[in-house]
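Chain lettering (A, B, C, D, E and F) follows the sequence in which the chains are written, and residue indices restart at 1 in each chain.
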Amino acid sequence: MIKLIDENGLRLDGRRFDELRPVKIEVGVIKNANGSAYIEHGKNKIVAAVYGPREVHPKHLLIPDRAIVRCRYHMSPFSTEERKPPQPTRREIEISLVLRRAMECVLFLEEYPRSIIDVYVEVLQSDGGSRCASITAISAALADSGISMKDLIVGCASGKADGQIILDLSDIEDKEGEGDMPVAYMPNLDKITLLQFDGIFSEEEFKKALDLAIMGNKKIYEVLRKALMEKYFKTEEK
Amino acid sequence: MIKLIDENGLRLDGRRFDELRPVKIEVGVIKNANGSAYIEHGKNKIVAAVYGPREVHPKHLLIPDRAIVRCRYHMSPFSTEERKPPQPTRREIEISLVLRRAMECVLFLEEYPRSIIDVYVEVLQSDGGSRCASITAISAALADSGISMKDLIVGCASGKADGQIILDLSDIEDKEGEGDMPVAYMPNLDKITLLQFDGIFSEEEFKKALDLAIMGNKKIYEVLRKALMEKYFKTEEK
Amino acid sequence: MIKLIDENGLRLDGRRFDELRPVKIEVGVIKNANGSAYIEHGKNKIVAAVYGPREVHPKHLLIPDRAIVRCRYHMSPFSTEERKPPQPTRREIEISLVLRRAMECVLFLEEYPRSIIDVYVEVLQSDGGSRCASITAISAALADSGISMKDLIVGCASGKADGQIILDLSDIEDKEGEGDMPVAYMPNLDKITLLQFDGIFSEEEFKKALDLAIMGNKKIYEVLRKALMEKYFKTEEK
Amino acid sequence: MSFKRSSIIENLRKTQMLDLLSKQKRLDGRALNEYRPITIRLNPIQKANGSAEVSIGDTKVIAGVKVETGEPFPDTPQQGLLIVNAEFLPLSSAMIEPGPPDEDSIEVSRVVDRGIRESQMLNLKELVIEPGKLVYCVFVDIDILNIDGNLFDAAFIAAVLSIATAKYDKKIVNEGKEEITKTPLPLRLIPVSVTSITIGDNILLDPTEEEDSVHDSRMTITFDEEGHLCAGQKGGSVGLSVEQLFKIVDLSKPKAEEIRALIKKVISNAYP
Amino acid sequence: MSFKRSSIIENLRKTQMLDLLSKQKRLDGRALNEYRPITIRLNPIQKANGSAEVSIGDTKVIAGVKVETGEPFPDTPQQGLLIVNAEFLPLSSAMIEPGPPDEDSIEVSRVVDRGIRESQMLNLKELVIEPGKLVYCVFVDIDILNIDGNLFDAAFIAAVLSIATAKYDKKIVNEGKEEITKTPLPLRLIPVSVTSITIGDNILLDPTEEEDSVHDSRMTITFDEEGHLCAGQKGGSVGLSVEQLFKIVDLSKPKAEEIRALIKKVISNAYP
Amino acid sequence: MSFKRSSIIENLRKTQMLDLLSKQKRLDGRALNEYRPITIRLNPIQKANGSAEVSIGDTKVIAGVKVETGEPFPDTPQQGLLIVNAEFLPLSSAMIEPGPPDEDSIEVSRVVDRGIRESQMLNLKELVIEPGKLVYCVFVDIDILNIDGNLFDAAFIAAVLSIATAKYDKKIVNEGKEEITKTPLPLRLIPVSVTSITIGDNILLDPTEEEDSVHDSRMTITFDEEGHLCAGQKGGSVGLSVEQLFKIVDLSKPKAEEIRALIKKVISNAYP
């Protein structure tokens, strides 16, 4: 058993229970994409890119009055401690699904009938909370692409370690801790768009963890907003 | 070498050479299907369901003046002594093929141009003669679906053990015996719709085995007829 | 280290540095194909067959003003020292690609709009230089099919062994030698349509090897021409 | 299912549903927090180490457990293996095509897996034969036989029952002799998952396929015997407020107790 | 092949064929029980342990045997392995697409496999190096080169010939020293398969592709050297009466003897 | 990319391009033998043993090296393994679909692999732990992040840099005790690949995607440090004359020297 929180309430990387890891977002990193973003969240290094809305192939998949969304979350072979073979695992397929649903919460799909929006996420380096960092990156990439959105989405996990509810779990806290709760959140609409959890949470702990995750999400939202503003101003200067 | 028939002419499970295992058929077990049936034949427990006739996708597969039939025979991972991985084996693909052909013998495919009939068979528990039990179940499911048929089909194997021709082989008789001959049969048209065999049969043994299998099939036909009648009367009562 | 060239300048199979292995070509060996050929080049035994120009399925792949070419180079499981599993390897996929490109150099694709030309190559027995022998066979099969061609193509490798530039490497010279350079060539247009090499070549050696390969190709062209003439005269006699 | 639907039809159906819901009614007459009848058939598959067929209304699934031996994962040399695999059989619905598992069946597999694993239902440490070399592998295979909504709970109950009643061939070395005894799996507790959907402000437990097809959100929560939340999965393409979520937890918890009582009764009836 | 055909065209072709058959004639002038010429090229592939190219009319196949070492199956620790694999090469017909083996090629593989295995052509027990650990694996790979009906028999003859003439590197420990000797596979007999189709009341042996495309039933029967029936496979989507079936057996048996005589002559010519 | 294009559009674009080229100009103003700027970011992935992000103009790739242990190939028991794998990520271009590697990514993988292997950049013989049993495997994975032509050179530089700067955990037994030391891979030299295309009589180094889409031929040549040619790959569906080929070699060789100087400077700046 590894001790994850010391006598001073500090975590292995020196953070307090409610402290985020550093988050850095860069918008417009993939030239060919209609929108793209790069995020560093802790040791996570993730690229997201949006292609579309574009024509649907094969035709029989199209929906006459709204857009289809596809999402692929993929981890590079060198992104993990042990090399990860390139073919998608069940975990990657499930995360692709929950990310797609989270996205669908913010998109005005009816504005793009008969079309498809492809979102690709590549994890270049993974750390705890990669699906949360991915949704933030996706949201930035969608904003960059100019697709109509109801709100932005950000993602941040909370969890439980050494009996305490903590924010934004690192890899080791995820593996050795007692619970993990990835949350994605629309800050202006105040709605949860992705929620998973596992571990052992009392009802009280569950509520505390959810509140903490939302608090973290609000902070990440500020980082995202800043990144988008910066990109926006830069564009203005041209 | 295991002795499969004792000095009194009785088999390991107490049956005589021309005795069937217990057969039980239930019709209409899968609510969503257009027709379905469940069979217990010895330790075989098999579900068959029919979807269709329905539209063909992709379009280029359709045949302008008759229906296509598709069949998938599949064994559940827990159906066998050792767990069977879920992906279809070559054996399952071959059995799917011979079952489809057997079915095509009784269907009026010209009555359903440009359409497809999908038949799915799931072996929940396997025993000797699962392909024979499957064709009986398919036949019941087709009848349940109301698709036009020239006759019913039933299935029953014969084979050879300890030098004797026997009816309706169990798992161990199939594995340890000297020959297996699965037969499917249309009782009113008196025609064989599926025939495979392996082992070593003299010409005389071959003929005896075929006659015995047909005799067995006629008995199974009675069980099938009863099951359908029962379902039919029940429907009347409504 | 194996000595590949002896004190008299002779190679393991007795050839001089600029000597070809025996080459034998037979045209029209696959009855069902639109064109076909069989080549023995050293121990290589290869069949090539052409189907098409024919309709494209699925439709969205067709190109309105020219033909698509597809090529599949495949090695039979028994073609190699150790049994080769039947599913295509990365090597086979790459060779299929370079063979397709070589072919595209000689075809008047604009003459066959909206259609597809399928070329299948099966290596029944492999030896050094199988991709070169394949392109010769393909060229013969294309000629046999009557598809419009700008020229014929032939293939022959050169390489380096014991420090010398040699022509038409055998299996062991390929494996134990210091360099391999497969070349495909259009003899009348005097152009190279396939070129790969690996090993260590000085600039001078590279040029010498290329010249030698072209010299070899010209000899193979004579064999190919003779095989086609023979087939042509035979056809006349009918 | 992630069937591609026109939003026109979807919206029409939803409007009708909302009309009814405004009167706190459901199409089949149930109360919003009411489950359909749960029917259980224990041990239908004798060749499996444990098995159960579970129906919730017209949803029907069958789960079978096979216990085999194999190598442990390198990072958990001191634990047996639990492998959960759900298959949407093509005979279960007109919408299912044969083929390798798609995202929906992978989701069911993984949600059931997490619920069992995180609740610590099984003591995997007792399933070690030789640490780092040989352990017991518990394969839980779930066949979806007929789809009418709430596959998560049906699959979960079937998986839990087939594990809870499974007996495997345990090799024990007794005075130098190897003996094989039929042994139950090392259980700690019975976890239960409860699935609900939201349509507008309404929370509906145990949705039918028709209800599920117009859900805003779906939420599956697994509870252990002390009422702890062990695993959760949000579905659906509409956001959920924190209040709604807490309300779902409050509704789900007592339902989990009811279902657990049913499961335990079935087990104790069968193995008194 | 299971080509999807319009029944109109199929029926037209069948009517013509039946007209001819009513005069006991076939399109190519053969008698109903007559085979096309069988051409055999032994050992075309020197890198294989054994190989044979076989043509029946315009149907052409090539089989190659590779003998390697590997682990036995857990349930037959005392036997070597026989693995038969047929590929419909895309160059063999305009109807064949490249890709993993489909149901038709799997059927050919399995029918050939059963014919060889059930006739006990090979004594697999002599192919054991170390029981339960190391055995010889006999891979029989069959390439279909050109399709004109009756692939079953062409594939079977090619497989049988390549096995019967194969020599493998047998490791023998002789006075403590390991020696490798080129050794023939442990043969017991030469099985032969005979394929026929029915069109109406007629039974045609060795059907061409054109005939095969309108068959009612197809029947492949494998005979051992004593005239026993070792394996059988019915094809086709029309039922067969018991009388027809017995007639097929009566027609096939002498034909099997003829083909066996041919095979044996080829072998003894090559290895006198 | 092997995008299927109409030859009308292709020919139009080519005509425009040829017009410009007749004045020895390119669309982006470069000289025909001029490379776009090469930007390098060393070691962006800390979890990899070595990594590098390389941009050539708007083409961007990232390569990561992982060193693990495994079994050697049976025919090279005395050598470690080098495994190169390039993925065209679907985020890199509107034309790339997710899925298993297609012929284009396999070609990049194999051309990079041959360039590294044949130049003998790595001394694979020093990567043996126990001959025939256990060796180090050097996995080089290359992600294509944005496509704008000349993927071969970008992938090659990224692969070379990530290998050249990688450190792996080498197990050394020192006085009976096992020690693990971070060790650089056993390098011999820095190979460089140079890619050019021909359009008509013109030879263009480092093509953009737009230029690449109308190439006649493409040629990638790898040079070792002594100017030897170690690997070559022709692309394109138009033949190349011997003279053109020699001209390409003459143009590529000095460019390889320039790029090698850049690579070496980057390495020595990072690891002085």
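Quick notes on this structure:
We take it that a contact is a pair of C-beta atoms (placed from the backbone, for glycine too) under 8 Å apart; a residue touches a chain by one contact, two chains touch by 3 or more.
Here the structure is a predicted model, which is why all the values come from computation and not from measurement.
Counted as hops between touching chains, the shortest connection from chain C to chain E is 1.
Centroid analysis (C-alpha atoms only) places C farthest from chain D. Averaged Cα coordinates give chain B a centre that lies 58 Å from the centre of chain F.
Chain A and chain D, compared by their mean Cα positions, are separated by 27 Å. Chain A and chain C have centres, each the mean of its CA atoms, that are 51 Å apart. Chain B has residues 58 in contact with two or more other chains. Touching of two or more other chains is recorded for residues 101 of chain E.
By the touch criterion given at the top, residues 30-33, 36, 43, 45, 47-49, 51, 54, 72, 74, 76-83, 86-87, 118, 120-122, 124-126 of chain C touch chain E in their complex. Looking at the complex, you find that chain C touches chain F at residues 61, 63-66, 68, 90-91, 93-94, 96-98, 101, 104-105, 109-110, 181, 186, 189-203, 206-207, 210-211, 214. The residues of chain D lying in touch with chain B in their complex are 44-48, 51, 58, 60, 62, 64-66, 68, 85, 87, 89-94, 98, 100-101, 139, 141, 143, 145-148. Only residues 2, 4-8, 101, 103, 106-107, 109-110, 114, 117-120, 219, 224, 227-242, 245-246, 249, 253 of chain F touch chain C when the two sit together in their complex.
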